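Provided herewith is a single structure, encoded as structure tokens, for subsequent inquiry.
Order of writing sets the labels: A, B, C and D. Residues in every chain begin at 1.
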Amino acid sequence: MDSPHRYWENGTDRDSEANRMVSPPPVLFEARALLFLRQDEPVFGPLDFHLDRGEILLVEGDNGSGKTTLLRVIAGLLRADGGSMHLDGQILDHDSAQGRLLLLAHQLGLKGDLSPLENLRVAVGLHGCREHITPRDALRNVGLQGYENEPVRQLSAGQKKRAALARLLLLPAELWLLDEPFANLDREGIALVNRVIERHAEEGGAALVTSHGAVTFLHGQPRRLRLAS
Amino acid sequence: MKWIPRWMHELSSPPVFYRFAGVMRPWFMGFALLLTAIGLYGGLVLAPPDYQQGDAFRIIYIHVPSAEMSLFVYGVMAIAGFIAVVWRIKLAESVAMQSAPIGAAFTFITLVTGSLWGEPTWGTWWTWDARLTSELVLLFLYLGVIGLFHAFEDRRQGARAASFLVLVGVVNLPIVHYSVQWWHTLHQGTTVRLFGPSSIEGDMLWPLLVMMLATKFYWAASLCGRVRTDLLSIDSGKHWVRDLADREGR
Amino acid sequence: MRPGSLRAACAAILRRDLLLAWRRRGDIALPVLYALIVTTLFPFALGPDTALLARVAGGVVLVTVLLAMLLAFDALFRQDLEDGSLEQLMLAPQPLALMLGMKILAHWLSTALPLIIVAPVLASMLHLPGEAIAVLVLALLLATPLLSLLGAVLVALTAGTRRSGMLLALMLLPLCVPVVIFAAGAVSAAQTGLPWIAPVAWLAAALALMLVLAPLACAAALRIAIDA
Amino acid sequence: MLAFLDMGGYAAYVWPAYAVFFIVLLADYLAPVFRRRHVLRELHARMQRQKARQARRDGMPTHTDTDAHAIREHTTS
């Protein structure tokens, strides 16, 4: 605990730690002394952390501690004021990240006048598509069968979130940045998000998941990154 | 940015610039007043009346320096704006944004004095010639920059966005000027020339040059004052500003 | 994994925006209606003198089209910014400038093209002679995309601010002066029997230049404007 | 002197032009002076309020980091 801005709590048990020693999984994402200022005061950082393939990192912190900002910086929407980010060992900046990471933010990025299916097709057009999955499959996997052609604006908040999750299933990206993915969801939806994240991790992807502290619905015991306010 | 000299780097720190500007401002203003006194004495008293325009030509001593400053300030603003957009230096953002009101003031003066000069010499307050029209467009450009800057909640973000607009304007201004010239020839309007004789007498010329220098000093003084005040707002959470408020704010 | 191709991405954005415009086709009619109303008002203000109306017709139609476009500009990025689509667009593996170019194209197709289609009607309401109408349409075909591109840069700059239509007008005025001059110049040259190729060529040259520069500037402006 | 003020009959143009020049520039020069005073006074008042609140909370007025933080929060809002 050399800095008030970070401390680690390793949630993995010894066995998997030992397994890792045998065949160390390559680091997917790494942040070095990552710093973001607003009006010359740090919003977060300097932060050092890394994310292996198949790993989920829970970003904790109170409201205003900079969780969303951190995700937006990693996504390249905001420019960091210091430090560097590396994806697969290569420096990540504004332009090079594109397509390798996905952001699920508070604003879901769905067009209200289009149906979930049309929204997903646009996303596929922009990003390309994973193998062996179609937009229809993705919608079925998130429990939106029957709503494929309904305008998104007529769906409930939870259903909109599911449609956004379907986009994650569909698009080829290794690093997911999920901002409060459990908000607006019922118990079934929470289980769905957990399934989706776990599958992604099993397939070798990684995810940063934010949570505002009190409770997290994330399964298992992920590594935690705590942002102090 | 290794190539930036050390003194420049230090000067771009807000507290240092604040002190520097505070010291320099009275000197700049003093020179400006002195030169204005000399220039206007030369221009209003010593210079003989123009053989065509009589004494009306004496408006030249404020009109032409103002017109020159309206472009000069835009140039400075564009350079500072470029630095602000590319390197995000706080002082450059401030200089770019605080230049805009000064430039707008000079542009406004140019338009009003031009109009007051036009009435007795061409018999009209306003004519759509290339120079006047460009100057009007320049005024709108300044107002747009000021408006955009104030439309943002975050000062620094507003400064960067408005600086970008300044750079767009740099490309635009010459195009406006030439297009208005072309338009003017197309419509065969009244051809007027702002400067009656193209070769101006020495007695008439030197006060003009002095006045041009005076407005430069004035600009330096005004910019110092504005940037200085702006830095206080920008750095209002910083210790140096809070100490200052402790001493001078009561 | 199949990475997305550039052409697919362009098509996706273009299709999406046109589809959205189609779903809200009532909004397409608004600028056209606005232009119609403004043009109708001119004869009432100037009197029904045919010669006078014919003389000002080109300019009136041009300025009306410009103002109608100005009304529609605000919608260019506003929705995308509010629902988060713009962020998703910025994360896509395609060059942002090109994607924005597609958005501008879609916006032009859904707002300016209807205006160009009714422009001959508006012009003949003001008794503009036939040959001049042809030149007017040609000038509009070059001038409106130019305005769309210029406007897009400015809209991108104001994207991070509260709603401000007047500010946009103030910012656009200096930029659209040359466009208006050359477009109206072409029409009035055609009306008086002078060669009108030169101003049209200038417009075409400016359009070619802005087709390259404006999307890049737009992307840069957008990055500045959402950086908060 | 009167002849000078008359400006060869152009007094109605020359003097207003000079008046505009000096008035506009004077306003431009003085604006930051007043604004600077205003900014400092406002900041001082805000700091006093912060200090008073801090004193009520802790029993004694001090400069602390939360103080600075609160000021920053205030200016951004």
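Here is the rule we go by: contacts are C-beta pairs under 8 Å (C-beta built on N, C-alpha and C of every residue); 3 or more make two chains touch, one makes a residue touch a chain.
Since we're looking at a predicted model, the values are computed, not measured.
Colleague: State which chains count as neighbours of chain A and simultaneously of chain D.
Modeller: Joint contacts, listed by label: B.
Colleague: Name whichever of A-C and A-B has more C-beta pairs touching across its two chains.
Modeller: Looking at A-B and A-C side by side, A-C shows more C-beta contacts.
Colleague: Could you say which chain's mean Cα position falls nearest to the mean Cα position of the entire protein shown?
Modeller: C
Colleague: Averaged over CA atoms, how far is the centre of chain A from the centre of chain B? Could you give it in whole Å?
Modeller: 49
Colleague: Measure off the straight-line distance from the CA centroid of chain C to the CA centroid of chain D, and report it in whole Å.
Modeller: 42
Colleague: Determine the centre-to-centre distance between chain B and chain D, using the mean Cα coordinates as centres, and give it in whole Å.
Modeller: 21
Colleague: Return the residues of chain C touching two or more other chains; collapse runs of consecutive numbers into ranges.
Modeller: Expected reply: 227.
Colleague: Listing for chain D: what residues touch at least two other chains?
Modeller: Expected reply: 72, 75-76.
Colleague: Spell out, as numbers or ranges, the residues of chain A touching 2 or more other chains.
Modeller: As it turns out, chain A has residues touching two or more other chains at 39, 41.
Colleague: In their complex, what parts of chain B are in touch with chain C?
Modeller: These residues of chain B touch chain C: 85, 133, 137-138, 140-141, 143-144, 147-148, 151-154, 157, 160-161, 164-165, 168-169, 172-173, 175-176, 179-180, 182-183, 186-187.
Colleague: Show me the residue ranges of chain A that touch chain B in the complex, using the header's touch definition.
Modeller: Within the complex, chain A touches chain B at residues 39-41.
Colleague: Could you list, by residue number, the parts of chain A that touch chain C in their complex?
Modeller: 75-79, 94, 97-103, 105-114, 118, 121-131, 172
Colleague: What residues on chain C touch chain B, complex-wise?
Modeller: Those residues of chain C that touch chain B are 153-154, 157-158, 160-162, 164, 167, 170-171, 173-175, 177-178, 181-182, 185, 188-189, 199, 206, 217, 220-221, 224-225, 227-228.
Colleague: Can you list the residues on chain B that touch chain A in the complex?
Modeller: The contact residues of chain B facing chain A are 156, 235, 237-238.
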